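Two complexes are shown next, each including chain A; its partner changes from chain B in the first to chain C in the second.
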Partner chain A sequence: MQDLLSVVTLGSIYLLFALGMSLTWGTIDILNFGHGAIFMFSSFTAYLVLQQTELGLPLIVLLGLVVGALMSLLIQVLAFEQIIKRAKDKRTAEMQILIGGIGVAIIPLAIAQHHTKSNPFGFSSSTFTVDTWTMGDLRITNIAALSIVVALVLWVAAAVWLRRSRQGLALRSIGVDAETAALMGIDRRKMALVTMAVSGGMAGLSGVLFTFGLGAITAESGDTLLVKAFACIILGGVGSMLGVAFGAFFLAAAETVVLTQTSGSWVEAVSFGLIFLVLLFRPSGVFGRADVRRT
Partner chain B sequence: MIWNARRGGRRKIAVAAIATGVLLSVAACGGSDAPASGEGLPDEIKLVSVNPTTGVVAFAGASANKGYELAVKEINESDLLGGSKIKLEFKDTKSEPQTAASALTSAITDRDVAAVFGSVSSTEAVAMSPLAQKRGMPIIYTQAGSDGVVVGDYTYRATPLMSSYYPIISRFIKEQGYKSVGVMYTSVTPTLQEIGQKTYPQLAKELGFEITKSIATSATTQDFAAPISQLLASKPDVVATLQVGASNPTVMTQLRQAGYQGKVLGNSGASAGNLKPAGKAGDGMVWPVDFNYQQNAESSQKFVAAYRAEYGEVPLNYAAEAYDAAYFLARSMAAADSTDREAIKDAMKEEAAKTFDGALGKDLKWENGTLQVPGVMVEYTTEGEKLLYEGAGE
Partner chain C sequence: MMDFYDSNLVLIQATCTGLILALSIQVPLRMGVFSFAGAGSYGIGAYLAAILVIEQEVSAFVAIGAAMLATAVIGLLLGLLIFKLNGLYLAMATVAFDLIIGVITINGGETTGGSTGLYGVITDFTMGQMFALTVIVLALVALSEVGRTGRRVDAVRDDPELALSMGISLRRYRLTAFVVSGALGGLAGAMNVLVRSAIGPLDIGFGLIVLGLTMIIVGGSRSWKGAVIGAIIFTWLPDILTAIGEWQELVYGIIVALAAVFLPRGIYGVLVDLNKWLRRRRRERRDPPPAVAAEQAGDIDPKPGDVREFALNEETVP
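After this line comes the complex of A and B, so read on.
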């Protein structure tokens, strides 16, 4: 049971991180490879603030959210919008956005690496204390419980918003056919900015919770999660909210089982091998659709 | 030892390919015109430190450069080189093997460069060593503990292999009366893997304790809750964790969250301030290391005082190793009375046959191109590192 709890906790972190990426990729066609840098830098900013003043969990979470959202907006306005304006076609724009995201991510990474000398950083000076709750043989920290709740609530909220709200419908229509959506009066730029802000906020939030949960992260931690989130989205199916959750918990389960039952050196090989096998039979992902691919 | 976290077979092949490519390009450039042997030392001797000061192992590279800088300053102020002055240049590898190989290539083709201080990163060092050996460039590394670094008479490593001094932990295990150990090690790095897979089983055999569980973690493991849960379920008296630097605060935090309050047997990757983010949870980790600023040797304390005066802080092991590496090279150049690379190589061989007192301790000796030291045992507390004992202590 403890292992199952570990899977749920780890899966929640993957979900929280991947949810924002999935949202932008599945709707406004932006595969943001700067997502890992946003995740890290939000946490890094909170760390810097904590060096100057004591803060509790709510304010640190808020700080992570705001920094993440602002960074994401900046990337959208300064980089991705410029790429889209200048690209000769959609496919070129997608490729350039991918490369642009990698390029943009180097800046916050370099700042954090320079400041920390690549040493880990954490929130040990925060007033928030991570406590462990014991229920029989089961142990869970308050921050792990919070991460699970936040991930599930945000996932449900994002799925419901996309399916039920007018704005969600508008966003999905952009994902299906941006030009037709524009002809129907949908403001693509405004929707893209909102989506990027939400996505960045999620990255910032997950960065803060992840740092609290692990005690410390490094400037490079976001890169490791980026690859895993990418795998989660592909496995579940691009644009599918159900798919990204499936991918996150599937990957967490595969990693935990392999790590605890075999040698750790097989974790990536087995986990990603399983994903590859699934994709052989379901190329568009477990919950992805080959024709209309949005949510 | 320093390793890049994302290392694997493909990366090694890539590194080998880079090294081979650069090697071929250097070979095509023709030989350098190094100063001839027997002409005496020039007024200015150019040395290059090819180390990462940005990127994932910047903390070690930057610290090593401070050690080189301090030693060069002292050497230039002394009469060791008969009035010749060392000019030390720094090249940042950005923690990238290809950049390291490229910087070394530039140094090799610069006829004024007498020798190079090689990278602390094993990944970078294995890309550099074949070049240095093939093209006859004397190179001294610190850290870089993997195979393929010391590959011939031009290559030296002024850091002992961890497996050579790690067994001093035996005394601690005996004193604490541990009868069982749970081991968790990273499979990313050959050195830590060796400690987990070979050194601990060997110690268990010698000291008669049981290894209740041995778990390997992967390169991308960031959450250790599941392996820790498995480890503690085997009910060991003490936990041993062998992780790269950045993972140590997480492991300590999650061990405490899982209810484990005892000591933790670690490795020197936890030093250099890496445990600080863990706060009080980091208290109680112990590890053997090749240097600690509190060690007693007179030569070590002389170095510590000079370092404090220069930088206003206590030195890390990376700086101490670099300091000794610089002096080793300076003594060799003085003995060669030349900056001819081959003459330096011959002099280094003779110098390596002698013992010396340095920052790392007293009566230090070289074995197969790698420095040997007895090591010290330290314990982490939030107030700072506490020196437990020096050497085997017996």
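After this line comes the complex of A and C, so read on.
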């Protein structure tokens, strides 16, 4: 049972991180490789602020959220919009965005590495303390419980937003056919900005919660998580909200099994191997709609 | 001259291996195959060469040959395996392949030296041989960019349906891309380990993919000249940037980001455009014809070698 609980905790962090990536990729066709940098840098900003003043948990979380959303908007306006404006077709744009994201991500990474000298940083100076609650045989920290609740609430909210609201309908229609959507009067630029802000906010939030949960993270943490999130998304199927949750918890479970059953550091290979296998046997993922695009 | 050579030997070596690594990603990209498998082949090649030298005490020639052969075969198998994938999916599958290689080397026990890697790889490999190999590779890649082969490669990338209808086997070209990418990656890795005498898991991580990619994105992804420009810039830039002190990483990041966003065809693409613009200016000044005539003259430029590049760079973006 304790193992199951740790799977759920780990899975909810993956979910929170991958949710934002899945949202932008599934709707506005942006696979943001800066997502890991946003995750890390939001947490890093909170760390810098905490060195100046003392803050409680709610304010730190809010700070992470805001920084993440702002960074995401900045990347969208300064990089991705410029790329889309210049690219001659959708496929070129996709590639350029992938490369541009990798390029942009170097900047926050460089700043954080320079400041921390690549040492781990954490929120030791916050007023919030991590407690462990015991229920029978089960032990859970308050921050883990918070992560699980936040991840599930945001996941449900995102799914409902996409399914039920007018904006969600507009977003999904961009995902299916961007040009027709534009003809129907959907402001693609505005929708893209909203989506990127939401996605970045989620990345920031997960960064702060992850740092709290783990105690400290390094500047490079974002890169690893990026590949893992990619594994979650394609396992579930791009654009599927149910899929990304399935992917996140499946990956967490698989990693926990590998971690407890094998020696050495094979854990990292789980997500990479998963990507490979899914792309090989079922590129549309478990819950994905069939991809109709051809060469 | 010799002083410069001696004091910068490490950087010169790094330029050669970086260049070949960049080519191992650029060659498939030019055929429309968005594969980063070259970085994984680099890791395989480096480790294989190191193991052969340490355990079998083979010569540098044998080590490099074996590494290239193995990575070419692995490239072929990988290509057959993920042949159906395209675009982003292909890119990510190959990234996963690269990272798996990294995990395997960490867990390889004695054979791969775990997280410390392998060291003490000492052979008779000389700088002359390294330059010779680099020049041969460059010449072969340059050959594939001109004439019939060059045009076919362009067709396979820019309009696969057209290429197919002209009787070009897409399958064969794409598989070739995987094999060549594998062999080049293997060569780069093997050469690197032979001159540096050590290799570790940190040398073949995600950073290696980013390095190879930034070289061709900043340099230019359509020509071997772009790869040369990129390899030189990104090998020497960190060294030059130490002059500006502690913010070098940041400046590096800004350069890469700007190039990725605003110069999709890289520095080489800009040079080609600039050259073209200058020539048109000069011609117009010599005898100013009506605008339309100037346009036409610009399109059928008399220098044969450059015509193809102009035609290419005018309409294609990676």
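Note that in this section the second predicted complex is superposed on the first by the 275 of 295 C-alpha atoms of A that agree within 3 Å, B and C clash if a C-alpha of one lies under 4 Å from a C-alpha of the other, contacts with A are read in each partner's own complex, and residues count from 1 in each chain.
Just so we're on the same page, a residue touches a chain if its C-beta (ideal position, glycine included) is under 8 Å from a C-beta of that chain, and two chains touch if they have at least 3 such contacts.
Just so you know, these numbers come straight off a predicted model, no measurement behind them.
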item: First (chain B), second (chain C), both or neither touched by A:129; value: neither
item: Contacts of A:268 with chain B and chain C, given as first, second, both or neither; value: both
item: Contacts of A:53 with chain B and chain C, given as first, second, both or neither; value: neither
item: First, second, both or neither for A:228, with chain B first and chain C second; value: first
item: Partner chain(s) touched by A:31 [first = chain B, second = chain C, both, neither]; value: second
item: First, second, both or neither for A:86, with chain B first and chain C second; value: second
item: Chain B versus chain C as contact partner of A:106, first or second or both or neither; value: second
item: Contact residues of chain A, present in both the chain B and the chain C interface; value: 110, 113-114, 227, 264-266, 268
item: Chain B-facing residues of chain A, complex; value: 2-3, 6-7, 9-10, 13, 110, 113-114, 117-124, 130, 132, 134, 139, 141, 144, 213-218, 220-221, 224-225, 227-228, 255-256, 259-260, 263-268
item: Contact set on chain B toward chain A in their complex; value: 5, 54-59, 62, 95, 186-187, 215-223, 225-227, 229-230, 233, 245-246, 248-250, 252-254, 257-259, 272-274, 276-279, 281
item: Chain A residues within the chain C interface of the complex; value: 31, 78-79, 82-83, 86-88, 91-92, 94-96, 98-100, 102-104, 106-107, 109-111, 113-114, 223, 227, 230, 234, 264-266, 268-269, 272-273, 275-276, 279-280, 283, 295
item: Partner chain A, residues of chain C touching it in the complex; value: 34, 81-82, 84-89, 91-93, 95-97, 99-100, 102-104, 106-107, 160-161, 206, 210, 213-214, 217, 246-247, 249-250, 252-254, 256-257, 259-262, 264, 315, 317-318
